[in-house]
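Each chain carries a letter (A, B, C and D) given by its place in the written order, and its residues are counted from 1.
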Amino acid sequence: MSLDYTAAEMMTVTAARALANGTTCFVGIGLPSEAANLARLTHAPEVVLIYESGTLQTKPNVLPLSIGDGELCETALTTVSVPEMFRYWLQGGHVDVGFLGTAQIDRYCNLNTTLIGDYREPKVRLPGGGGAPEIATNAGEVFITVKHSRRTFVEAVDFVTTVGFGRDGRARDGVPNIGRGPTRVITDLCVMKPDPETKELVVVSLHPGVTAEQVQEATGWEIRFAERLETTPEPGAEELNVLRELKARTARHHAGNETGAQA
Amino acid sequence: MSLDYTAAEMMTVTAARALANGTTCFVGIGLPSEAANLARLTHAPEVVLIYESGTLQTKPNVLPLSIGDGELCETALTTVSVPEMFRYWLQGGHVDVGFLGTAQIDRYCNLNTTLIGDYREPKVRLPGGGGAPEIATNAGEVFITVKHSRRTFVEAVDFVTTVGFGRDGRARDGVPNIGRGPTRVITDLCVMKPDPETKELVVVSLHPGVTAEQVQEATGWEIRFAERLETTPEPGAEELNVLRELKARTARHHAGNETGAQA
Amino acid sequence: MAEFLSLHDAVARYVEDGATLAMEGFTHLIPFAAGHEIIRQGRRELTLIRMTPDLIFDQMIGAGCARRLIFSWGGNPGVGSLHRLRDAVEKGYPQPLEIFEHSHAAMACAFEAGAAGLPLAVLRGYVGSDLPKVNSQIKFIECPFTGERLAAVPAVRPDVGIVHAQKADRAGNVLVEGIIGVQKEVVLAARHSIVTVEEVVDELQAGPNACVIPGWAIDAIAVAEQGAYPSYAHGYYPRDNAFYKAWDEIARDREAFAAWLEEHVYHAGGAA
Amino acid sequence: MAEFLSLHDAVARYVEDGATLAMEGFTHLIPFAAGHEIIRQGRRELTLIRMTPDLIFDQMIGAGCARRLIFSWGGNPGVGSLHRLRDAVEKGYPQPLEIFEHSHAAMACAFEAGAAGLPLAVLRGYVGSDLPKVNSQIKFIECPFTGERLAAVPAVRPDVGIVHAQKADRAGNVLVEGIIGVQKEVVLAARHSIVTVEEVVDELQAGPNACVIPGWAIDAIAVAEQGAYPSYAHGYYPRDNAFYKAWDEIARDREAFAAWLEEHVYHAGGAA
C-alpha cells in the first residue's frame, strides 16, 4: 500500500538515500541541506556534514536558513576558519561528496548560479558561485538536487559557474587532482546519471507515477533514457515522518525568533 | 661609583635596552630571549614577545630552555599554529624587531648557523636556520646579540644561512617588501651598527673598560670604528638585580623538574 | 596599538572616500553598526570587499557608498536576491557598480594570502568555470615542481578592514568565537583595522588556542552593542531571520528602501 | 575513520621500510613512544620529516632507521648538537644520511600546503640565503600580479604522519591543546596518519574553535601514556629538561648510545 507523499518529499528522500552512512559531505544550503540532514536522521547516523561556514561534523536539530546559522556551530564537533575550511578540508581531499543545488543545469551537468542573460548586461542577476566551483572539483564526487523544469534544465547554461563536465563533456579529461564530478542528479521527477563515456546525463530512474514524457517536457534538451529504466523506490513511512518533523521543527524555530521589531 | 657586573651582564643589559617599550619582538632562543625578557621586566613592560612556537605576547616568569617550553604557552595571550605564526604574524608584517643570535657573523651582518667547512663535507655541523632566514627579512629590523670572538666574527661566513646585507652589502637593494635588516649588533665588548651607505659594521660604542684593540683582536677582519666612538652606559642596579633574579629563578625552575629517572 | 574610540570617530578617522574596504563576518558577526555609520557619514566611491555581501552591502550599495564590489556569493541567505545590489548592477542605480566576482574558495584564499603578507593566493580552483573569463583578477600559474596548472588571485589587502567581535579586554585584545569566518584575516590583511565589540571585559577567559586578535594588531576598537544585528553574535543574541525575510520587500522597492534608510540609519543616531 | 589500535599494531600496519614519514610536535607533544616503536620494529630507509629533529630523530637516525632527513633546525634545544644526526651527516654512521634543509618558515608553509592539498607552498623567503644553493627543493616563482620573486617549496605530503595529542574521545576525535605546532597539518597532509594520545575520554570538553582533529581524518589512534616523554604534554606532565641535557652525553658516544638504545628502547617492550 502506497503512502501519501508530495513530489518534493519524493525528491528529498531520494536525495537523502544517495548519501551512504559514514560519508563526509560538504553541504549546500536549501535542498541539499534538507536531504543531507534527513540522511543523518534516518539511515546514515554517521554521515559527516560540513558547511562552508567552517562548521565540521555538525548535527543541526533544525535546518539552517543560512550557511552560517548559529545552530550549525553549536552542534558541530569544531568550527574552523573559512580559509581553513576551503584549504584543508575541501581542497585537502577530505570531502567524499559535495551536495549542490543550482539555478540552471545542462546535459553535461554544468551549473549556472551566476546570471541569466549576458554577464555584462544580465537579465537576472543570481547570487553567484559561493563554494560551488571548488566543491564540484575538489570533492570526490558531486550530487545535485534540484526541481525539474525547463527553466532549470536548459540546452546551454548561460554561464558555467560550476563545471560538471564542460560544454563538450570533456572538461575533466586529463586534469590532475580533481574529483570525479557529478555522479547523480536527483529531481522531483527522476534520477539521472552521466553516461560513463560521453558524460551526458541519462535518466536512470523515474519516480513512481512519473512518465518519460513528463521528464522530457520538463527538460530543455532531448534527454536520454537508460535502456533499463527503473522506478525509484517510494519513501518509507519513517523517512516521511522524520522529514515532516524536521520541517515542522525548522518552521517553528525560525518563526520563534521572528521578533523583527528593530526592522 | 661603578657597580660590579660581568661582561655577559653588560651585553644582556645593553641588548635589553635596545628594545623600546611597545615594540613587537620575534625572539630567538638563548641570549636574545634573555635580553628581551629583561627588557620586559625593566623599562619595557609593554614589549610584545613572540616565539616561533606560536606563542603570542608571552610573559614567561623564567627563561625558556627551548623555543617551545610550556611556560611560553601558559603565559601567552594566545597560541597559534606554527604556519600561522610564520605566515600571518611574521610574513604578514606584524613584527617590529627580530632578535637573533648566531654562530658566525661577517662584516655585512650575514649570519651562519648551518655549518663550519663545506656544506657537503662539514667540519662541524650546526643546527641550521630555524626561523632566522625569514625573521631577518620579514621583521622591520633585526638586532643581533652574540659573544665577541674571532671564531664568531669572521672575515667570511662559511655559509649565509641568514642574510644581513649579503657578501657585498647590496643584497637588500631593490628587493621589495622586506625589512631594513640588521640595525645593531650587541656583544660583550661593544655595540656595532651598519654604515648607512656601505652596510659594513662599524663599532659605535665600546663597553666601559673595553679598548678598541680588544675589539679588533676579537674580530676576524679589520673592523671600522666610528669617528665619535661612545662609551656604552653601564648597567643600572635594578637591571642587574632583575637579571640576576631572572637567571636564578630560571636555574631553580629547570633544576626543579630534573627528575631524569626515566632516562 | 588598539585605541578605544566611538564608532563615529573610528569610521571618521579611518574610512575615506575611495577607500578599499573589507567588512567581514561569515553570516555571523556581520558589522552592521559600522556599515550604518559609514552610510551616515556619507562615504562615497568605496571598493567594498566581502565574500557574502549580505544585507549590509545591499544597504551600503543602495545608499550610494560603493563604486566597486569584490565578492563571491551575493544573495540574501535563505531568502533570495539582494535587490539593491541587483539594481546597481543591472540598472546602474543609484550609481553603476563594477563587480569582481570570485568563488568562496578563491576569496578565502585571497584573505588568507593578504593576512600572510603575500601578493597572491594559489589554489586548485576555477577548473572549467567561466568566472576567469569575466574576472581579470583570476590568472593561472604552473607549479614549478609538478607542472600542475593552478589558479592565482591577488591577495586582499584593503585600506581598511572592519569586523565585529564578541568582546575586547581593556588592553584591546579581542576574542572572536563561534563561526570565525575570515575575521582574523581581515584585521591582519588591512592597512588599518576597526573592530566593533559587544562589550569590554576585564578578562577574555579564552582557551589557550582561542581566536584572539592582539590589541597591537588593531587600530581602533569601538563598542557597538547589538552591533551585528540583524545577524547574530554567538553567546549574545540570535539572528533576526524575520528581518532578513522582511528585507526582501523593503529592498525590492527604491522608495521603500529610501524610507527605511531614512528612518533606521540616518535618523538612528549612533545606534545600530 | 579512526581505528583504535595498539601502538605496535598501528606502526606495523602503516609504517613501511622506505616510507616518507613526518613526526611532528613543535618541542611540545613529540611522539617519542611512536618513534621508539618504529626503532623496535626495525624500520629502515625512511625519509624522516620534522622541523626540529630533536632527540626523537637523533634516536631514530642513530638506530639506523633513516636514509633521508628533511628539516629546518637540527639541534638539542637549549643544549647543543644532535650527535647521532651529526655522526650520520659527517661520518656516515650508522649509514649515510641525505639531508634536505629548509628554514622554519618554508617547512611550516610546506606542511600548510600539504594539508591544503597543494603541490607547492609560496612564501617570501630565502632572500639572500645560501640554502637554495644546497637544497634543490627550493625554487622561485614570479607573482603574475606584481612580478615579485617569491620562494616556492614542495608541499609535504608524507606517506605517514604521526603526532601525539592529549586526548581522544571514543569516536576517535582528537584534541590538541597548547603549542599546536603543525600537528593538524601533518595529520591532514599525510596519506595515513597515526595519533598517539595520553588518554581516551568520554567528552573532549573543547571550546568552539579548539584544535580538534575529527576521527574520520585519522587512520589509527593508539593510547600511549607519557607518549611524548621526555618532551611534555600541556596539562599532563612537564618537559624533562634533565634528560635533554643528559642526552648530550649519551648521544656523543656511539657505544653509550647503543647501550641506551638497548636498555630503554629494545628492552622496554611497548613502553616509552
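Quick note on the criterion: contacts are C-beta pairs under 8 Å (C-beta built on N, C-alpha and C of every residue); 3 or more make two chains touch, one makes a residue touch a chain.
A quick note: this is a predicted structure, and the numbers were derived from the prediction, not measured.
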Path length in steps (a step moves to a chain that is touched) from subunit A to subunit B: 2
Far-end chain from subunit B, centres as C-alpha averages: A
Interchain centroid distance [CA atoms averaged], subunit B/subunit C, Å: 40
Approximate Å spacing (C-alpha centroids) for the pair subunit B, subunit D: 27
Sequence positions of subunit C contacting 2 or more other chains: 112, 117-118, 123-124, 146, 148, 178, 180, 184-185, 206, 208-211, 234
Overlap residues in subunit A, where contacts from two or more other chains coincide: 73-74, 79-80, 87, 91, 138, 177
Every chain pair meeting the contact rule: A-C, A-D, B-C, B-D, C-D
Of subunit D, residues touching subunit A in the complex: 1, 112, 115-118, 173, 184-185, 188-189, 206, 208-212, 214, 216-217
Subunit B - residues contacting subunit C, complex: 22, 24, 48, 56-57, 73, 76-80, 87-88, 91-94, 138, 177
Residue numbers on subunit C that touch subunit A, as the complex places them: 26-28, 51-52, 71-75, 77-78, 81-82, 85-86, 89-90, 101-106, 108-109, 111-112, 123-131, 134, 146, 148, 178-182, 184-185, 211, 229-230, 232, 234, 238-247, 250, 264, 272
Residues of subunit D defined as touching subunit C within the complex: 117-120, 122-124, 139, 141, 143-146, 148, 150, 152, 154, 177-178, 180, 206-211, 234
Touching residues on subunit A, where the partner in the complex is subunit C: 29-30, 52-55, 64-70, 72-74, 79-83, 85-87, 90-91, 110, 114, 119-120, 122, 125-134, 137-138, 159-163, 166, 171-172, 175-178, 254, 257-260, 262-263
